[in-house]
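The following pair of complexes shares a single chain, subunit A, combined with subunit B in the former and subunit C in the latter.
Coming up: the complex of A and B.
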């Protein structure tokens, strides 16, 4: 019997907890990102060097995207969106290292990301609108829509992590298949395409997280001020 | 598709921990640095704006001071021109007055010189006239008789104060009767008689001749001289003409 390629075998166990390869890869990525952050931010200067300027450029771009989507101060959402984007980006590109399989190629990692986005959507919706105000958004535009809106919360979260998982996992599988069938250098174009796909997926995941959070924040405000014209950019979306 | 729930849970915890780590060590310090740089930039812009405002204020003050200096300079120049004009007018008035004084003085002196010249000319004319008259009267054909002058001599002696008339011929005084020509016996006797009548007594007379008298007599004593001759008449006429000319 052939095992499912999606199944992950534990590398070792910590007591009853099996430690799998995505978890180890995530720990390594976490360690590298944390170490880089600590080293970088201990030597911040008003006149930045190349690395500091690059990181400031990335954080500035994240703030700009958050501001354009959420239409609010990006500070409360910067850490969440920035962490999601950078982790997915680095995890996707970790496939360049021989023998390393991206954590995002496994559904557990993507599902964990989607759960965090789902929880953040609920948190910011309640934080900005209050519990009752946020619950009222599910009855918009009519109470008949309550089941659909509840299902939407689940389906869009599901689609969020399935999209990321499908793209990254398929890229890894295709490269593995091509590598097993063709020569050593043949998968390189596919790997380059996989890098592009990984960057795009990181951007899409982060932007969709912004859209979900922005929707939860703005719908409550729109419900309290129905006379105000709705902003098309803040409309509920389910791509 | 199988899901390893342990892995899902661990990844969720891992991602939450990563979220906290990056928020703590990356995004917060970076945001603080960007905010600090923005604050520094704002402060620099504010200071630059303040410096620019200060420079503009200083420029405006300099322009105002320059305008004030120009106005003050124009005032000083106007005052100096006014003073110079006043001084020029004063100098001109003074020069005009001095010139008028000089002109008046010169005219006065010219007038006096003219008067003096006229007086001298008149005097010369009078002298010339008396000389002409004297020469004409000295001509033999024009000689006047002694009686024409003797009456005047007697009348003058008679008009003398009594003391002066008494002193004539008293003591060592010897009156002299001067005539223009030598007197004949008859003329001399007539003269003695007339003088005695005028003095009221007889006096001894000495006689002399002085042709300069032209015609007539001159009676002189120690205290009295009486002229009754043409020279004396011409002299009086000349003095009268001179007084008239002046």
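Coming up: the complex of A and C.
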């Protein structure tokens, strides 16, 4: 992969739609994740076996992280955030398989993920605060901030996917360049570093998605609260 | 100098200067977080999560420079 990282060649055409390598990799990852989820949750027992205990550990860890960020019941966000984290994690680490380029190294996959997060932010904001209540949060703290808040929604979605794309793509790119310059086995330390980057980026993407959704939910509550609550500055000084 | 040469130079300059600021910023952030964890080890979980989110925000600046460099190299509107 030393060609342009922004262009991909289609592998085959499905009717008029060109199908590219990242799309196939995404499909395979999706199929594997769905299969494992179905198989693992089909026979849940009260006394878990080894595999069920491991899955429960992962779910519990994701739940705990979500709960610490949104400071509420993690149940409504578990499916989305957990899936996003596991998908990006598996996609980043799929570069371990020879011949597979991680789908997250292409800007389209990341843009799709960021758009899902953006839609989820709007959905949860409207679900918890009502349409009017959510729109009012854009006028917080005063109506002067409306353009800035609108721009913030767009730029943070943009930076969300550009961050993931930049990190993963640069890792793949550097490995390609070192491989062509130095030869076999030399890029292995870089690949190990790449795995670390991939795991951290999956974590950051999921946590940021959580932060965005959490802020959309809690801003509406904060906008409604001050009418009833006492002066927040006094409340903070006397906990 | 041709447009291609200027493009390569500008991409190198964009990445190098774009890495300077976030590098200093991330170093200071990590140092402050280490200090905080050393003083209050029981808050390590919260501090490191906030640190990761903050580092991601700082790193965005460097990533923007990388994207500009890539655009200049691979999607330059002035090179046919």
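In the analysis below, the second predicted complex is superposed on the first by the 222 of 239 C-alpha atoms of A that agree within 3 Å, B and C clash if a C-alpha of one lies under 4 Å from a C-alpha of the other, contacts with A are read in each partner's own complex, and residues count from 1 in each chain.
In this section, contacts are C-beta pairs under 8 Å (C-beta built on N, C-alpha and C of every residue); 3 or more make two chains touch, one makes a residue touch a chain.
None of these values were measured; they are calculated from a predicted model.
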Partner chain in contact with A:68 - subunit B first, subunit C second, else both or neither: second
Partner chain in contact with A:6 - subunit B first, subunit C second, else both or neither: both
Subunit B versus subunit C as contact partner of A:108, first or second or both or neither: first
Which superposed partner A:200 touches (first subunit B, second subunit C, both, neither): second
Which superposed partner A:125 touches (first subunit B, second subunit C, both, neither): neither
Subunit A residues touched by each partner, larger count belonging to subunit B or subunit C: B
Partner chain(s) touched by A:214 [first = subunit B, second = subunit C, both, neither]: neither
Which of subunit B and subunit C A:187 touches, first, second, both or neither: neither
Which of subunit B and subunit C A:171 touches, first, second, both or neither: neither
Residues of subunit A contacting subunit B in one complex and subunit C in the other: 4, 6-7
Interfacial residue positions of subunit A with respect to subunit C in the complex: 4-7, 65, 68-69, 159, 162-163, 166-167, 170, 200, 203-204, 207-208, 211
Subunit C residues touching subunit A - in the complex, by the definition given at the top: 45-46, 49, 52-53, 55-56, 59-60, 63-64, 66-67, 70, 74-75
Of subunit B, residues touching subunit A in the complex: 1-4, 6-8, 10-12, 14-19, 21-23, 25-31, 33-34, 36-37, 40
Footprint of subunit B on subunit A - complex, ascending: 4, 6-8, 17-20, 22-23, 26-27, 29-30, 33-34, 37-38, 40-41, 44, 46, 55-56, 59-60, 75, 78-80, 82-83, 86-87, 103, 106-109, 111-113, 115-116
